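Shared chain: subunit A. Partners: subunit B in the first complex, subunit C in the second.
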Partner chain A sequence: MAIYCVRRILLALLLVWIAASTAFVLTRFAPGDATFVEEQFLAPAAREARRAQLGLDRPLAAQYAGWLAGMLRLDFGESSLYARPVGQLLRERTVNTAILAITALLLATVLGVPAGIYTGRPRSGLTVPLVRGVSVTLVSLPPLVGSLLLVLLAARTGWLPTGGMTSADGSASWAAWLGDVAAHLPVPALALALPLAATLERLQSRALAEAAGEPFVDAARARGVSSRDALVRHAWPASLAPLLGLYGLMVGTLFSGSFVVEVVTAWPGIGRLMVDALRARDLFLVAGAAAAGAMCLATATLITDVLHAWLDPRIRERA
Partner chain B sequence: MNRQPRILLTLVLVAVIVGTGYVIWTDLAKPEFPSAETVSSTAKPTRGGRLTVTQRSEPRSFNRLVSLSAATDVFTQLTQARLVRVNRATHELEPWLAERWEASADGLRFTLTLRDGLRWSDGAAFTTDDVLFTFRAVYDERAASPIASSLRIGGQPLTVTAPDARTIQVIYPAPFGPGLRLLDNLPILPRHKLEAALEAGTFARAWGPATPPADLAGMGPFQLVRYEPGQRLVLTRNPHYWRRAADGTALPYLDEVVLEVVPDQNAELLRLQSGEVDMFQQALRAEDLAALRPLVDQGKVSLLELGVSTDPDVFFINLRDRYWARDPRRGWIVRRELRQALSHAVDREAFAEAVFLGAAVPIWGPVTPGNTEWFSPNVPRYPYSLEQARALLADIGLTNRDDDEWLEDEQGTEARFTVLTYRGNLVLEREAARLAEDARHVGLALDIVPLEQNALVDRMLRGDFEAIFFGYNATDLDPALSKDFWLSSGAAHIWNMAQATPATPWEREIDDLITRQSASLDPTERRRLFAEVQRIFGEQVPALYFVAPRLYMGVSARTINLTPSVLRPQLLWAADTIAVTP
Partner chain C sequence: MRTRRAVLLLGTLAGAALLAPWLAPYDPSASFRGFRHAPPMPPRLSEGLQAHPLRRESLLDERFVEDRTRVVPLPWSRDRTEPVFLLGADASGRDVLSRLLAGTRVSLGLALVAVLGTTLVGSVLGAWAGAAGGRLDEVMMRTADFVLVLPVLYVVLVLRAAMPLVLPSAVVFTLMAGIFIAVGWPVVARGVRGIVARERDREYAVAARSLGAGTMRVLVRHLLPACGGHVAVQASLLLPAFVLAEATLSFVGLGFPATQPSWGTMLRDAADVNELTRFPWVLAPAFAIIAVTLTTNLALQPRTAERPLATDASPIAR
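For the complex of A and B:
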C-alpha cells in the first residue's frame, strides 16, 4: 500500500509539472503579451521598457529555467496583472474556491445520491420520470446558463445576494463573516452543484439498479432480508464504487473548472483568477493557477484512488 | 416507463421552455429609448450615505503614473487631484489644486498659484514640493511612466519650478495649443509617501495593490480604507478634502464609495436591477435598456442619456505598401476608391438600427458630434448608394467577370479580404457582420475572423493584417492631445503605424496641419486647421466610421446630483458632488 501511495504521489507531482509547464509555454507563445493589457498604443520605447520590467525580454529558456527554479522553492514569481506574488494570490483564491467547491460537493451529494437511490429502485408513478427528466435537463444545462438563471432568480426575488462572497459592510467577527459568506454561497454553490447532483443521480440510479440484480442481493433476500434492507445494506454499498471514481474528477473539476460560475457570480476564486490571467497574458499567474488546478485534481484523484485501494483488496494486490 | 407519464413530462417541459421564452421575449422586444434630456432626481443633495458602483477589473496599481488601466484611472479620480481639471461636462479647463493661473503672451510660461492651507488625506501639508516631486517622478527614466510621453512637447519635458511657497511655474519648450489642459493627465502625488521609492529606483512598483491603505495619501474626495482582492475597494470621505458646494457644504456629499468588482456585464445589470448597486461604469448596451425599462417605470432606476459617443468603432484596411508587395490584390486593395465604395455601400441608418437598435447616429469620420468643440459637419459624406459604390469599384478594375456574386480584378483575383475583430465583443461582431453583408451587395467578399483581444492587438502592432474592425479610444478630445492617431509617425496611426516619413502626400499634409494646429495659441485658427484635417481625412478615408452610438447609463433612483459626461469615467469624474437620498 505504501509503495502504491508513493507511486501515486510521484505521478501527481509529474501531472502538476506537466500542466504548469504546458500552461507556461503555451501562454508564452500565445500572440500578444502582458504589455497589451493596459495600453494598446504605447510608444515603442515605453513598451520595451515595460517588457523589460516584466522580464518579457528574456529568452523563453531563461524565463522557464528561472520560473522552474522558483517553483522548486515554492516561489511562483510575481503576477504582472496584480503586481503581487503569485503564491499569495493562489493561497487567497484557493481558499475561496475551496469554500465554494466543498459546499457544492456536499449539496450535490445530498441532492444527487438520495435521488439516485430513489430512482434506482423499481417504482411506478410520475415521480421517477420527473426526477429523471429534471436530471437530464440539469446535466445538459451549460454552467453559464445555469448560473445566469440563478442570478436572475436572486435578482428578481431579492431573496439572496446576486454575487460576491461577502457584503461591503465588513464583518466584525468570524461568526459574522461566516454568516455573511453563507448568505452569498447559495447562488454559486447551486449553480455548480445542480449539474453535479444530476450526474450523481443518474450514475447512482444506474449503479444501484445494476447492483440490485447481483446474485448476492438475491441471496440476501432469500435469507429473509427485506427488499428495502437488501437494497440499502447490500446493493447500495456495492453501487458506490463508480461514484467514488467520479468524486475524484468532480473535485478536480470544481477546483479548476468553475471559472464560468465564478465570473458570473463574481466569486473571487481561482477559476476567475485563471481567466483574468489568461486574458492578461500573465505568464507566472497562468502557470501558477494551472499548477494549483492540477494539484487539486491530482490530490482528489489520489485520495479517491487510495480509498478505492483501501476498500478493494484486488487493487491493493495489483499495486 | 409508462407512455402517459412520458407525455405528461414532455408537456410540462415544453410549457416551461415556452413560458420562459415568452417572458424573455417580452422583456427584450420593442426597446424604447428615453428622450435626450437627462432623467435624474432634483432632490437637494445632503451629506451622508454610501454609493455602490461596479467595475469590471481591479487596479494593478494605485499609482496612476505607472499604470494606465481603467481601474487605476477611476481609483485616481476618486482619491487624487490635479493642478487643473478639464470639466468633463463642459470640456472647459477649471482651477483645481491651483486656484488660478496666468499665461505669458508667448504661451510658453504658466504661473500657477496653489490654494492655501491644503492637506493630504493623512493630514500632511500640501506644498509646492509635492508638485515638483510629481514632475520629477513622471520624467524619471527608472519609473518608466507610460504617461511621460504625453507630458512632453516635441519630445522635450516641461520645466517646472517653485519660485515661492504657493507658486508653480511651468515652462513649455515650445508653444502648445491646449496649454494647461496637458496637466489634467497628471495627478499630484505625495512626496512624503513616495520619495524614498523614487530615490531607491522602485517607484514603478510603489503603491502596488498590496499596499496597506495607511501608506497611501491623496488630495481627492475619498481615501481607500479597505481593499478585498477580487471583491471590492471601500473608500471613505477624505477628512481634509478642500472643496465646498455652492451653499458652503463641505464636499464630498457621500460618506463612502464602494467599488464592487463584477467582471461580467450581465451580472452587473442584474445587480443594478436587484438594487444591490447604484450604478455601473459601462454605458448600457441597447438591449439592456429594454431590461431596465420596467424599473424606470417603477421609479427605481433613472436612465441618463450622456450624448453621442466620442469613441466610435472603426474599420480600416492595412495601408502599408510593404504588406501587399507580393499580393495579387495590391493593385486595388490600398486604393482610396475601394474605401470610398465601402463607405457608399453601407446604409448607416440601417446599420444603426441593426446593431444599436436605433440608438446611434451616422458619422463620416473619427470626430463625432459628441465632440462638440472639434466636430466639423463639413466633411465629405458618402451617402448610401450601391450604384456609386459599384462605379468606384469599376474604376479600379473590379467587376464581375464570372457567374458568382463576387467581383474580380483584371487578373481574375476575387475581391475578397479578411477582417479581424474582437472575439466576444458582441457589438463589434455584429458591426463586422453587418459591414460584410452590405459589402456583399456590391460584390466585395469580407471574411470576418473574430480574434481574442490580445491576439488582434499583436497582429495590428506587427502590421500583420488585411483589415480590422475594432474599438479605439482617443486619448483626449483635443486633437493636439491625440497626435499619436493623427501623425504618420504616431503609434496609434492605425492603418500604417509609426512611419519614418509620411507615406503619402495627404498624410504629409495632415502631419503639417496637426503640427501647426498643436502649436497655435489661437482657438479659432486651431479649429480651422483641424476642420481642414477632417476634410482631408474624409476625402482619403484611411479609416471608415459608420455610426456613433448614443450613450446611456442606468443609475439607481436614489443617486442624485450627477454630472454626466460622454468621457470616461462618465459619472465618477465628478464623484465629490454625487449624493444619495436617504
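For the complex of A and C:
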C-alpha cells in the first residue's frame, strides 16, 4: 500500500510538471505577449522596459529555467494581469473552486442516490417513470446550458443572486461572509450537480435493480429477512461498486464543468482565472493555473484510487 | 426504434444546417434598425398562421407590444412588408432564427467533421496498434491513456489559446476540428485496438489469413467490421461532446469570431445577466444544444445499459 501511494504521488508530480511546462511553453510561443494590450498606449521604449520588467525579453530557455527554479521553491512568479504573486492568487482561487466542486458533489450525492434507490426498487405507479424522465432530461443538461438557465431563473424570480461569490465587501464579519457565500452558491452548485445527480440516479437505479435479482437476495428472503431489509441491507451494498467507479470519473467532469460554470456565474475560481490568464497572455499565471489544476486533478484521482484500493483488495495486489 | 428516431432528429438538424441559406428567412448578419431586441412573434393559428406586427412602445427601453389589429404574413411569404422575427431579434436587431440556422451549419458541421475525423484517426491508429502489437502497441496505448486522463476542456483551451486569438472563421473551423481530433482519437482507438487484438486470433481471421489474405485485407475486410458497434457508440457520444466544446470555446471568446453566427457565439449574448433576464430568447441556441444531447442520450440509453451517459462519459466533459 505504501509503495502504491508513493508511486502514485511521483506520477502526480510528473503530471503537474508536464502540464505546467506545456502550458508555459505553448503560451510563450503563442503570438503576442502580456504587453499586447498596453501596446497601443505605450511608447516603444516604455514597452521594451515593461517586457524587461516581466522578463519577457529573455530567451525561452533562461526564462523557463528561472521559472522552474522558482516553482521548486513554490514561488510561481508574479502575474502581469493582476500584478500580484501567482501563488497567492492560486491559493484563493483553488479554495473557491474546491468550495463549489465539493458542494456540487455532495448535492449530487444527496439528490441522486436516494432517488436512484427509490426508482430502483420494484414498484408501480407514475412516480418512477416521472423521476426517470426528469433524470434523462437532466443528464442532457450540460453545465453551460444549465447554468445559463439557472441564472435566468434566479434573475427572473429574484430569489438568488445570479453571479459572483459575495455581494458585500470583505470587511463583513465571518458569519455574514459565510451567509453571503451560501446565498451565491446554489446557482453554480446546482448547475454542476444536477447532471451529476441524474447520472447517479440512473446508475444507482440500474445497479440496485440488478443486485436485487441476485441469488443472495433471494436467499436472504428465504431466510425470512423482510423484503425491505433484503433490499436495503443485502442488495444495496452490493450495488455500490459501480457507483464508486463513477465517482472516479466525476472528478474530471466536475473539474471541466466547474470551469464553464465559473465563467457563466462569475464565480472566482481557478477555471475563470485560467481563461483570463490565457486571454491576457499572462505567462506565469497560465503555468501556475495549469500546475494548480493538475495538482487538484491528481489529488482527487489519487484519493479515489486509494479509496478503491482500500475497498477492493484485487487492485492493491495488482499495484 | 429509438435509434431511428434519434437519427431522424439529427438528420433534420443536419438538413436544416445544409439548407440554412435557403431556409433562413433573412440574412443572418442583416440588422434591422429599430428592432433591436424585438421579442419573438409567434404565428397565430386563429389568424391563419400569420403574426401580429410589433409596435415600438419605447425605443430607449427596447419595449415592444404586439399590434393586435393587424397581421403580417410569415417571413417566407413573398409579399412581406415588415420584418417578422419568429424567435425574436438580438442586440443588433438580427433575426435569431436565421442566425440559429446559420449557427447550426457551423456548430453541427464542425462537430460532424470532428466526429468523422476522430473515428477515422482513432480506428486507423487503434487497428494499427492492435494488429502490430509489441512496442508500437505499448507506446500508442500509453499515449492514449495519457491523453485520456487530461481534462480535455482545459487542453483544448490551452491549445486554442496558443494560436492567434483572432482568426478568420474558416481557419477557426479547421483549427478546432484538428484540436478536437487530437484530443478525441484515444476514445475510439482504445476500443478498436482491444477488439482487433482480441479478434485477430479468432477462427474467422485465422481462416482468412490461411486462405492467403494479407494483413491489410484481414484488417479492413474482417476485423474492422467487428469494431462497428463500438465505433458507432463512441461516435454518437462524441457528437454532443464536440457540439458542447465548440459552444464553450466560443462562449469564452476563444472560438469563432463574434461576427460568425454559431451556437457558442450566439450564447455569448446570454453571458450578460441583464440581457439574459430581459431578452431570454437569446438562449435559443441552448435548446438546440439540449436537443442534440437529449437525442443522443435517448438513443443510446437502452442499448448501453451499463454505460454512463453522454455528458459524463464524453471525453470533452471529463
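Simple rule for what comes next: the second predicted complex is superposed on the first by the 294 of 319 C-alpha atoms of A that agree within 3 Å, B and C clash if a C-alpha of one lies under 4 Å from a C-alpha of the other, contacts with A are read in each partner's own complex, and residues count from 1 in each chain.
Here, a contact is a pair of C-beta atoms (placed from the backbone, for glycine too) under 8 Å apart; a residue touches a chain by one contact, two chains touch by 3 or more.
These numbers come from a predicted model, not from an experiment.
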Problem set entry | Room on subunit A for both subunit B and subunit C (clash or fit) | clash
Exercise. Counting only touches as set out at the top, which of subunit B and subunit C does A:Ser124 meet: first, second, both, neither?
Worked result: first
For this session: Could you tell me if A:Leu190 is touching subunit B, subunit C, both of them or neither one (first, second, both, neither)?
Result: neither
For this session: Using the touch definition from the top, say if A:Thr162 reaches subunit B (first), subunit C (second), both or neither.
Result: both
Problem set entry | First, second, both or neither for A:Ala49, with subunit B first and subunit C second | first
For this session: Mind working out whether A:Glu92 is in touch with subunit B, subunit C, both or neither, as first, second, both or neither?
Result: first
For this session: Have a look at where A:Val151 lands relative to subunit B and subunit C in the superposition and call it first, second, both or neither.
Result: both
Exercise. So, does A:Leu81 touch the first partner subunit B, the second partner subunit C, both, or neither?
Worked result: first
Exercise. Thinking of the overlay built on chain A, is A:Val139 touched by subunit B (first), by subunit C (second), by both, or by neither?
Worked result: second
For this session: Would you check which partner chain A:Leu231 touches, where first means subunit B only, second means subunit C only, and both and neither mean what they say?
Result: neither
For this session: For subunit A, give the residues common to its interface with subunit B and its interface with subunit C.
Result: 30-32, 137, 148, 151-152, 155-156, 162-163, 263-264, 275, 279
Exercise. Where on subunit A is subunit B touching in the complex?
Worked result: 30-33, 36-44, 46, 49-50, 53, 80-84, 88-89, 92-93, 96, 124-126, 128-130, 133, 137, 148, 151-152, 154-156, 158, 161-166, 168, 170, 263-266, 268-269, 272-273, 275-276, 279, 281
Problem set entry | subunit A contact footprint on subunit B (complex, rising order) | 1-2, 5-6, 8-9, 12-13, 50, 52, 57-58, 60-61, 67-69, 144, 146, 148-149, 204-205, 208-210, 226, 228-232, 234, 258, 260-264, 266-267, 270-271, 273-276, 452-455, 457-461, 484, 490-492, 498
For this session: Show which residues of subunit A lie in contact with subunit C when the two form their complex.
Result: 15, 19, 22-23, 26-27, 29-32, 136-137, 139-142, 144-145, 148-149, 151-152, 155-156, 162-163, 195-196, 199, 202-203, 206, 242, 246, 249-250, 252-253, 255-257, 259-260, 263-264, 274-275, 278-279, 286, 290, 293, 297, 301
Exercise. Okay, in this complex, where on subunit C does subunit A touch?
Worked result: 149-154, 157-159, 161-165, 240, 244, 247-248, 251-254, 267, 270-271, 273, 276-277, 280, 283, 286, 289-290, 293-294, 296-298, 301, 305-306, 308-313, 316-318
